[in-house]
Amino acid sequence: MRPKKGNLTDAPKLQGDKLTEREAIERAKQGDAEAFKFLYDLHKRRVYSLCLRMTGNTASAEDLTQEAFLQLFRKIGTFRGESAFSTWLHRMAVNVVLMQLRKKGLPVVPIDEPTEPDEEVTVTKEPGAADERLAGSIDRLELQRAVDELPPGYRTIFVLHDVEGYEHNEIAGMVGCSIGNSKSQLHKARLKLRELLRVNRAEKAMKR
Amino acid sequence: MKCLEFERVLPEYLEGNYLPEQQAHLQTCAACSNLLADLKLISEQAKSLIASHEPSPALWNALEERLRREGLIRQAQPPGFRLRSFSSRWRLAWLVPLAAAIAIGTVVKLHYPMKAGDTQPVARQESIPAPPAKPMSSEDLQLLTTVAERPPAQRAKYRANLDDANSFIRDAEQSAKQDPSDIFMQQMLINAYEQKQMLYDLAVYRSEPGEQ
Amino acid sequence: MRTQRALRAATVLMFAGMAFGTSTVRKDLHFRVGKHPTVSINNPYGPITVRAGAPQQVVVVAMLHSDRVELDQSQSRNRINLVSHLLPGADSISGLVEYEVLVPPDADVTLHADTGTLHAEKLHGDLTMEGVNAAMEVVDCADGHVHLKTLNGNVNLTNVRNGHVEVVSMNGDVVMTGVSGPYVSVNSNSGRIQYDGDFGGEGEYNFISHTGNIEAMAPPYASIDVLARSNQGPVESDFSLEPKHAPFISRTGSAFTGTLGKAASSVRLFSFSGKIHLKKRQN
């Protein structure tokens, strides 16, 4: 990144040619376009992937990504650096997405119901069936496809916990459910994914 | 321990809270052992999905445009800067405090163009008397200059519209100041700003090149 | 995507059909389009009427009232742009152009005028109207996004259903008859807001004004969750509402809140100093 000349006398000097996130934030506060672009490039994939995963379509994901960054950049003047910038940003992205889902009346997280027999994928259902492990590793693409097939409520919790790494208490706060609910929905999501992965693999095997 | 029991405690197990008898069950039960391994694998592999997709480059262009329009990017405009810009600059004046107001629930007078005599304290509880008519902001003056070439009757209408828009903003700001947590007044304030923005947009629209 | 630059109306006399009077010239245009075309008309002075016509074509009849105004047209595949280009010295009389346009029902239409009446009828696409003093009429439209912006022109929406409607007005009155949808929002300064409908569609209805009065008339069977508040003006409701449990404090001014029926739609009536009246329609 070329060093910028001119009136940004308050902006920190560049370390050689490399702009650090810290410096970019300061320069963005001054209104520096390149600084905004730098911050955007640094975090765009994660924000966009989250939005895409939660909404399931690229048009919504793009709108929400833009919205999240916009909200972030509007407030960048008040960022003091108490928590990591990326934590701040990603929480904002999660909130933007959740708000959108709520607005659309889509289920964010289903309330825990007494266990529905058809939902439970228990091993005891198929005694003697070849209960193989999902061999070795799971291909990223096939996992992605399975996540896309999850019902929205399960998907939210799974994405927030297993993909994005939020804790149950954080998820409960963001989504507005109980910690217990978050835990049980996560478990159901993982069970469902296992089932989806098996089904998809079986289908693929049959096609050969 | 039976499989059914094990599955019930499986979520806790995966979090690392388990008892010896649960571990013992795993030694003897291939099905449960597979299930555990699979769920672990799924949750670990999930991490690889973070940041797995890239948005299209057009997204930045749209975002940058909005950042410029909101005055968050404050740099020299590219050549060919048109009269429309003053309505864009004006957006800074209301969108920054607006976002702050919504986020923090208070009315902020950070960047709104300070008019002479504008020294009212924020969030006093005593009744604030109606503010005296303030001198015009520079953006408003520019608006009037833009429409100066038009027929007098039309000019007068623009002036009246401007007064109405400013009066709404003043009223809404004042009420919002009296009670910063009043979300209804926050909404009024947003609406007041939206009206003024519309006035700017419609007034400058005709001044595009190609006209006259 | 390069646009084809227009035919100047200098040639209008050669290609036009009939000419009425000495200086009024009629221009007929016909465009072929695909699905979901975009039609944009910028006409400073004069009425524009857009109606639904046959699919895949846009038919325009324009009456130019003098030679001080030219019609610029351009088509870029599915996007049609018409501009009434005012020549030096043109005013609201000599610059007058009247448009009658037929578009496919799924067309997205944008109209811009200073004066004149903008009229759209039986359309299903997205509709945008922007005017300074132009009156606006939207009739029998459904499903699309309707965005109306006016400074002083009155706005009339009649039988607009299932849409997303946003109206911003400074001074123009906004009258809605038989309007319902997932979202209906009116933001007025001094213009009056008048609604006569059923608040249906499980929608969100927000009417906000600075000083304009807000008058909403609903049937006895309306199913709404209503909140009305005026800071300095009176509020009145013909209905007796079921109280709500959500905490609501009227901080300043007058207010009423409550539900009717199943509270399917949300209705918010706010004014700074206007009068708010929720009326019950007598069948």
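Each chain carries a letter (A, B and C) given by its place in the written order, and its residues are counted from 1.
Just so we're on the same page, a contact is a pair of C-beta atoms (placed from the backbone, for glycine too) under 8 Å apart; a residue touches a chain by one contact, two chains touch by 3 or more.
Given the structure is predicted, the values throughout are model-derived calculations rather than measurements.
J.: By CA centroids, point me to the most central chain in this structure.
T.: Of the chains present, the most centrally placed is B.
J.: Computing the C-alpha centre of each chain, which chain sits at the greatest distance from chain B?
T.: So the farthest one, by centre of C-alpha atoms, is C.
J.: Given the two chain pairs B-C and A-B, which is bridged by the higher number of C-beta pairs in contact?
T.: A-B
J.: Where the CA atoms of chain A average out and where those of chain C average out, how many Å apart are those spots?
T.: 39
J.: Chain B to chain C: how many Å between their CA centres?
T.: 26
J.: Roughly how far is chain A from chain B, centre to centre by C-alpha average, rounded to an integer in Å?
T.: 21
J.: Note which residues of chain B are touching chain A in the complex, please.
T.: Interface residues on the chain B side: 3-4, 7, 10-11, 14, 30-32, 34-35, 37-39, 41-43, 45-56, 59-60, 62-64, 66-68, 70-75, 95-96, 99-100, 103.
J.: So in the complex, which bits of chain C are touching chain B?
T.: Residue list for chain C touching chain B: 44, 83, 85-86, 88, 91-92, 112, 114, 130-133, 149, 151-152, 168, 170-171, 187, 189-190, 208, 210, 229, 231, 251-252, 270, 272-273.
J.: Write out the stretch or stretches of chain B touching chain C in their complex.
T.: 151, 154, 157-158, 160-161, 164-165, 167-168, 171-172, 175, 178-179, 182, 184, 187-188, 191-192, 194-195, 198-199, 201-202, 205-206, 210-212
J.: Within the complex, which stretch of chain A touches chain B?
T.: Residues of chain A touching chain B: 30-33, 36-37, 40, 44-46, 48-49, 52-53, 61-62, 65-66, 69-71, 73-78, 122-124, 131-134, 137-138, 140, 143-144, 147, 158, 162-165, 183-184, 186-187, 190-191, 193-194, 197.
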